[in-house]
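You will see two complexes here that share chain A, one where it goes with chain B and one where it goes with chain C.
Showing the complex of A and B:
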């Protein structure tokens, strides 16, 4: 089926929402309240389009496509409508962009530049509402910046079903709020910050840390559990400091995490910024170690397929018994995104036929004189007695010799998630101080 | 001039008690009702051309048919959230002849195949809701309602929490479901309302109260009153600067000025008429010269650029400042906007605040432009008709009385 959008034919399916068709085909359609994974609400009135045969402009989020639909999104009349709605949205807005954390990724700013650019007609006092309200779970609310799109309310009532957020008051006094003594408290709470199209909800963790226009984004995969939620790593590097990761944002994937992330995963970016001491890498020294008889290796199940493949080849060549054990945490999982299996690539371990038998590993460990740990957490804080312990690690280890390797922010790789979905992740674009594991193993050949 | 169909028993003392009500012809229509098939009842209502009396004036029969066409559980919800300024007719029915409403509910439930009904009573109507509850209890005791009745019907009263918007039928249902009273998006094709996902008919108190007369006397007896398109009668309410404010039932199509003079007793203290707001605050104002030619029916008032609405007339005499009158109305809209859609939430507050400048005589020409442009932005761009109503009110005042606003400009 085809519809005409601004005189261009667009292919679509009968019964799809017009706004989805427009978004998926890259047609600019301003909107606040519609979000692809929260559905329509129809309250912001920003996605107005002209439809042939209809007397009045219609909202695209409440229009289903049908045969011979002719839509205009750019006509003079419709731009005037958008301008008038935007003027009303901004009417009681404090316009404090210079001190607002959302600046640079704010829909109000973007749309004002696209459709607004009017002179203010406001000559009455603005409505005053609450500022810097701590809702709990790292979420801060500024009621004056809010456009009442209700995305956050719909998220807590329809998605997490915890219902902490609601609207109180009517008319221009309507505001988002939590009930007294019932703060925002669920393990997905920080999604509301990302869902908020304006600066009303900001993250306590990220606010005032960095201007978003100084950030770059890398497409990656969360390594917090085996769900494999798609993320953006937002990072930057200034002249005199190393690259720093500032936050994870959800990257939409309809099959896996929609547009959401758990708070644990979202805050796990901090591990990527950790600094720790490392031994200097000498190929010859390491080769000396390899002369020791009876060696065992343990590989982290969160390493990428490429890394695991290289480790496997290395171990086979040097006759090292290789194992990988999953990270299982019975208290972690829930009925949505979080999964008890905390290894990002355990399915990949199995695909490469690496032994995952705990007993065999423990038996080999008893006999072994040299243990090589490829970033597995088990051996980082645990020292087997009378053994030589070598680590290739992305984080601090309490015992043994440590060779720092690049963490997943600096790696390209492939992971297989709990449902067998194979996904790529990509490195940030800056130079990495620490060497990549695959390159080290290459040198040993 | 009065035609008493719904208000027949209003003057009878204690007509709210079952004993008196039964003596005065209540529940007599039920005998005849049960001789009809439900679909026949709907057809009678269609032939009678009964129109919704809550303000919209949509044909009731068509709405009943939509609900009736669904299989399975159904509900009737009676809208008694009467909060339109200038309108006070439903409370007369509830307090003076509650058994008429109950009788109408039984007829309607029978027609659409519902066994449960809710009466959503305006929160402030505590006293009237109590009277209604007593009447319902009496009806249960006499097995007119409940499982033992000939056609089982349950009635539950739900009192609102004081929001005007809950008179909008979909917001009313949201409120009844326990949610915040926000109007729902309108369906693209005709369909009934839904209460917890079940098809539901929502009708105004007076619409339901008109049903027993039609069942008992036939559709022709009803169409004998009124005009061709607006059949029957309406409980017109009259208030403001008149000698005898009150609710008087009259046929559709009577002259407005006639009505004001004969039933309302004319403009108070012999003053001249300036304007009339014809059907509750949400209808555009009519200046005196249009009042003279206006007839109280849907079509005539529409042709004059206004609407019949709920039929609650507010009469304004020559001393009224139109700027202050508009301010009064806009304060109401500012206060009652539910805050869901942007144009209404921000627009109603903006025009209200702007009007303060006219009151203080500090307004500029730009403020007048703001009134006009915001009124335009509020019209036709929202989920429900609250903002368009406010917009119509502003446009009406500016159309007929712009000179008074210009006088306030510095």
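Showing the complex of A and C:
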């Protein structure tokens, strides 16, 4: 089926929402309340389009496509409509962009530059509402900046079904609020910060840390559990600061996490910034270690397929017994994104036929003289007696000799998630100070 | 596009031998020479550094300063990073923190300008939405005996006084 948008034919399916067709085909359509994974609400009226045969402009988020639909998104008349709607949305906005964390990724700023550019008609004082209210779960609310798109309210009532957020008051006194003594309290709460198209909801964790236009993004995958949620790693390196990861943002994937992340995964970026002491890498010293009889290796199930493959080849060549044990945390999972299996690539471990038997590993550990740990958390804080312990690690280890390797922000790789979906992740653009595991194993050949 | 035809000069014999132009130039030089020889008090040249320039106005782009709020004499800067974004030399280093005294939400914890890297272009002053950074200090000479002494921090920038009439930030 074809529809005509601004005189360009666009291919689409019967029964799709017009706004989805426009967004998926890269046609610019301003909107606040519509979000592809929250569905339509139709309260912001920003997505107005002209439809041939209709008397008045229609909202694209409540229009289903049909045969021979002719849509105009750019005419002079429709821009005038959008300008008027935007002026109403912005009427009581405090315009405190200098202290607002959303500045730079704010829809109000973008649309004002695209469709607004009017002089304010307001001659009475602006309505005052609450500012920097701590809602709990790392979320800060500024009621003056809010455009009442209800995305956050719909998220807590339809998706998490916890219903903490609501709207109180009417007219220009309407504001988002939580009930007294019932703060925002669910393990997905920080999604509302990302859903908010303006600066009304901001993250306490990211608050004032960095302006967003200084950040670069890398496409990556959360390593918090085996769900494999798609993320953007937002990071930068400036003249005065080293490379630092500032936040994770959800990257939309319809099959896995939609546009959402759990708070645990979202805050797990902090591990990537940790600094720890390690030994200097010498190939010859390491080869001396390899002369020890009876060796056992333990690989982390969160390493990528490429890394696991290199480890497997290395272990076969040096006759080292290789094992990998899953990270299982029975208290972690829930009925949505979080899963008890906390290893990012356990399906990959199985695919490469690496032994995952706990008993076999413990038996070979008893006999072994040298243990090589490839970033597995089990051996980082636990020291088996009378053995040599070598770590290739991305984080701090309490015992043994530690060789630092690059963490997943500095690696390209492939992971297989709990549903067998194979996904790529990509490194940040800055040079990593620590070497990559695959390169180290290459040197040992 | 239209073409404007410009008439070329220098084609005549008098112009080609240059003597006319040379004597014309010498006439001006000698006029100033005799005028300055007879009355030395009007010579614009000064004996710097014994004599100091007298023509520094508040529009002169001197060393930066951070202004105060008129209401409570606290720092006017809200750490919005506009100056650091506009700076072509990347010489401004800001670290922001939340402001706890209720005057505003955000302020700089660190605000350093590296004057050795600064090109004194004034873009930071243009970019500032709060009139918090100005270059109206009238300071044209910065002296130090090590590199670190040229990095002016928040306290130093706040302590510099301006020579313009407006002492405080004019931001609303």
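Basically, the second predicted complex is superposed on the first by the 444 of 445 C-alpha atoms of A that agree within 3 Å, B and C clash if a C-alpha of one lies under 4 Å from a C-alpha of the other, contacts with A are read in each partner's own complex, and residues count from 1 in each chain.
Here, a contact is a pair of C-beta atoms (placed from the backbone, for glycine too) under 8 Å apart; a residue touches a chain by one contact, two chains touch by 3 or more.
Everything quoted here is computed from the prediction, not taken from an experiment.
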item: Touching partner for A:161 - first (chain B), second (chain C), both, neither; value: neither
item: Which of chain B and chain C A:431 touches, first, second, both or neither; value: neither
item: Partner chain in contact with A:131 - chain B first, chain C second, else both or neither; value: second
item: First (chain B), second (chain C), both or neither touched by A:445; value: neither
item: Chain touching more of chain A, residue-wise (chain B, chain C); value: B
item: Partner chain in contact with A:99 - chain B first, chain C second, else both or neither; value: second
item: Those residues of chain A which chain B touches in one complex and chain C touches in the other; value: none
item: Residue ranges of chain B touching chain A (in the complex, touch as defined); value: 163, 165, 180, 185, 188, 334-350, 353-354, 356-357, 364, 366-367, 369-370, 373-374, 376-377, 380-383
item: Sites on chain A touched by chain C in the complex; value: 96-99, 103, 131-132, 207-209, 211, 213-214, 238-240
item: Chain C to chain A touching residues, read off their complex; value: 78-82, 85, 90, 93, 96-98, 104-106, 129-130
item: Contact footprint of chain B on chain A as seen in their complex; value: 40, 42-46, 48, 56-57, 62, 64, 81, 84-85, 87-89, 91-92, 121-125, 127, 147-148, 166-167, 169-174
